[in-house]
């Protein structure tokens, strides 16, 4: 059984890894690349905890096969901050107490970043539908929605 | 918005600092149990029963053991025998079945291999021969004459006369007070209704996971996600028949629990396999396993009857409650009995509660266990009473609400409680009188939950630079580290960011009970305050030494030792000046607080919910929600609001969509987040959380537990709102579009009585 | 000095349904021993899964808790939580 | 997940057809939003996953003025972002946008939605009322069939061994024509339709219905057309009795089952309600469009 050699760019870094043909991208990121920010909450694309962006598209990495990453550019939650400077979304999640247990937080941040990249000034409803693929069982979403609103404002003002 | 009684002014308590573990969590670096990998690690998978009820005839592991990469295969035979009736029997045989399986998903064996795929293939190769038994799946099944009895040793506790034959009723609880017949005779209105509810899951996003590493010396370390690592240690030791001290449990970050991680499932299996293979073993449940094999909240059938006088005075209450606790005995009925009438002053009452066992996964605690369901019954009945008598539902509750000195169901008089204040906070909120749109309705409901104390430990270490490390034994599920730091900052008088709150492992901090019963900020907070106060005594002593004065002349003010004696002026000594000289004044500055917390204070909540109902499809949308809750004192208000909002969201899901669906063989039909529908962001409105602060006199800062009460009122609040919008009373959960449309259709299709 | 002890209604089997009884003891544990002498079987009921409320304070494991003169003691079932 | 499974990413239709035709256990991999969870659960066990997303033709949207061509693997996110499609087929685009979350939208496609042959799929009813044609490539070359003929039952299609849907063709609708799609799910997002209803209406100059199509999802083994509803609309104003007839005809056309997501009675009743609302919404859109043309 031969493993597949994948070359891609993750969070700006050139990365090579070996994976099985049937391995999910989530498992490869976590087990082969060592990036454990994306979490497996369901394995069926229903919770969004494994959200990443591949070639500009937001997706659940549990529903992608790892070999598909060859030649792509991927960003994960680990790439959201620049050095010590947190992304405004991260800062607003912190200041707005938009996380409790924190296990869904990486997925929310990645999805919210994709949402704001596409729609820099979303309404509350657009945020709620835009993040409907990410489950949070702790917060009731109130503070998450507010944090995304505040972050959008911060980004738009800067 | 906060309703506040006159209270001491605090410098740190009540502020909203960024949580100390926050940066790690927003950058993806926080380590949850499944994120840890050890060198040489194997992957473990449980083999689970496809049958809801069966006798295990034989287990053949030989083929699995011979497969490539397989290093360890275990069955129940690898664990010490446990006798039926032993106090740990249920827990032990739930983790791994012995002679019988009691639900679909019950673990019967486990395998560990080099890769997860090898383990999966080997798990599929374990051959289990079952003698399938008829499953007991509902309350009616369980209570039917001649029903198959799950546990041949189970005699009903609390039965009068004492039970002589085994049955599926594990426990009967009875509470009574006053004269029930006289109470109903004095009533002008008597209403009796029956309610049914289905099991629901806590739905934490992180599945159960652990890594166990057993060394040559026979000691093991376990990294895991749990609400209480000391409990993981003792339970694992019990299952393995090991001395507790052979096990060290290191708490990973925990991705939600809500009661579901107060018990154990994987750890003893991982340890046993690790011991057999001599390598670390990691186990991570799939979502499917979480649904099938870990504890949901009970399903129920509840019958409640109220007697009311025409002025709204509640004079009699009769409740007959049945809770299914899954495959083993559980406390659902007892807790239902303790909560059903607890919020109201009803002189004459009778409560009988049955706990029954059925062939579904063993129930685990879920946020205010049992109370959301008794509230569903009681608070919708009150709504009906208000409608019948033409009394405003708020006035009806204010009139009958328990206040300080009123007797609880159990007889003791309530200490200072904040129920009336919570009601008033909602009454005075603009939401209460805001106009409703077409097809909209508004529902009011209240809820009650205890808080519990138990054992907690904290250590305060002052560092050379004048900062402090606060180590506690309570896993941080929802931001409790920040609360610990705030309380320590308040006592020590140093900045909250100069305190590093840490959750210590079982060998790094004193024994601490499970994070349950909303106890972390209350009880572990007390331990932090005690350790911090001891530290202040110590610091005053050191300062006195440094200043050369009597310790009685030193006060501790805003993080400094201040001389109050009459021997002239002396410069105050800030904490950092004292820690910098610790070596010369007596050595390291470390104090501990270990205590059994007394005086847990009951918490009340009052919720107001607006729904919009599509009268042609039965689809219900929650369009506005306001919730008040007595927090005693909100240590970190943002996280108190978060607890309230999270409770509301879970309660709304429970009300409208969530349920376990089984086929006729007891196989779960919806074990995924697709078909087990927890609320998504687009399903909910903003949730306005009003913190009411009626301090708990038993806590140094007045804290009441806040984690659970918020899930109690939403179900009846939604039900009452649906009634207000449609004229239909829904008494069966979930209030799905199918049920709502059915109710509307049988009601004549329009807003009726 | 005897104190007044209140039993939640599920604990009243051994007292024949009587809610409030008298007992003596310097600690709650001693009180339970005394109650067991007066109402055989009550001791067992009070030693497992039972808390007390003394002077508004809920105490989950009260065996060695001192009982002051004039105290009112309420025995209640222990709670759990999630 | 199977370690032995291979991954292939052909860049031409011919390569894909070769791969699929030469191995009966090869599976098409487009979005795989259903397939990957199924494989993880142990069934099916493909030998090779043939990723279609690197074949340009399968991911392109184009129009020659009279016909739109949409690659079968085009992510529905791209379809929703396409102004031409949105103007011409608002209901079909809405249906496309309802498939799962934004994350799923990056992967879901018309081809996947149709070939997966779930009776509850969101886009097939809309593809059918818009008379979409599926261009199918296989070992024997290409053929074009009505989209309605692809799914033949739950999980079953008319696709032969080695055949894939390459693209869809949709004719530019005539004037005063619009479609709509409504579905019922319990929680606003992230759900499988309990009932889906698509309608397309063409109005004449007087505002009466000149042509109509109504199709229902999740109420039978395959999408159900409702000819009685269509007949009731023709020549009439899309209001009052005509809409009531649509509702009754739609309910009557259903052949639903009881399952964990819905009951027969509920599906039947709600199918009528949604069909009526979808017709009404499509007619409203057609009317607005008439004002513009």
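We just call them A, B, C and D in the order they show up, numbering each chain from 1.
The definition used in the following text is that contacts are C-beta pairs under 8 Å (C-beta built on N, C-alpha and C of every residue); 3 or more make two chains touch, one makes a residue touch a chain.
The shown structure was predicted, so the numbers you read here are calculated from the model rather than taken from an experiment.
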Farthest chain (mean CA position) relative to chain C: D
Which of A-D and A-B has more C-beta contact pairs: A-B
Computed distance of Cα centres, chain C from chain B, in Å: 27
Approximate Å spacing (C-alpha centroids) for the pair chain A, chain C: 56
Of all residues in chain C, the ones touching two or more other chains: none
Of all residues in chain A, the ones touching two or more other chains: 20, 43-44, 46, 129, 132-134
Multi-chain contact residues (two or more partners), chain B: 117, 202, 258, 672-674, 679-680, 682-683
In contact (per the touch rule at the top): chain pairs: A-B, A-D, B-C, B-D
Residue ranges of chain C in contact with chain B within the complex: 6-10, 13, 19, 53, 56-61, 74, 76-77, 79-82
Complex contact set, residues of chain D against chain B: 1-3, 37, 41-42, 184, 186-192, 194, 260-263, 266, 269-270, 273-274
Complex contact set, residues of chain B against chain C: 158, 160, 173-177, 202, 258-260, 262, 331, 334-335, 337-338, 364-369, 408-413, 415, 449-454, 516-519, 596, 598-600, 697-698, 705, 707-708
Chain B to chain D touching residues, read off their complex: 115, 117, 124, 288, 616-619, 621, 656-657, 661, 669-670, 672-675, 677, 679-680, 682-683, 736-738, 741-742, 745
Touching residues (chain side chain A, partner chain B) in the complex: 20, 30-31, 35-44, 46-47, 49, 76-78, 80-81, 86, 90, 93-97, 99-106, 109, 124-125, 127-129, 131-146
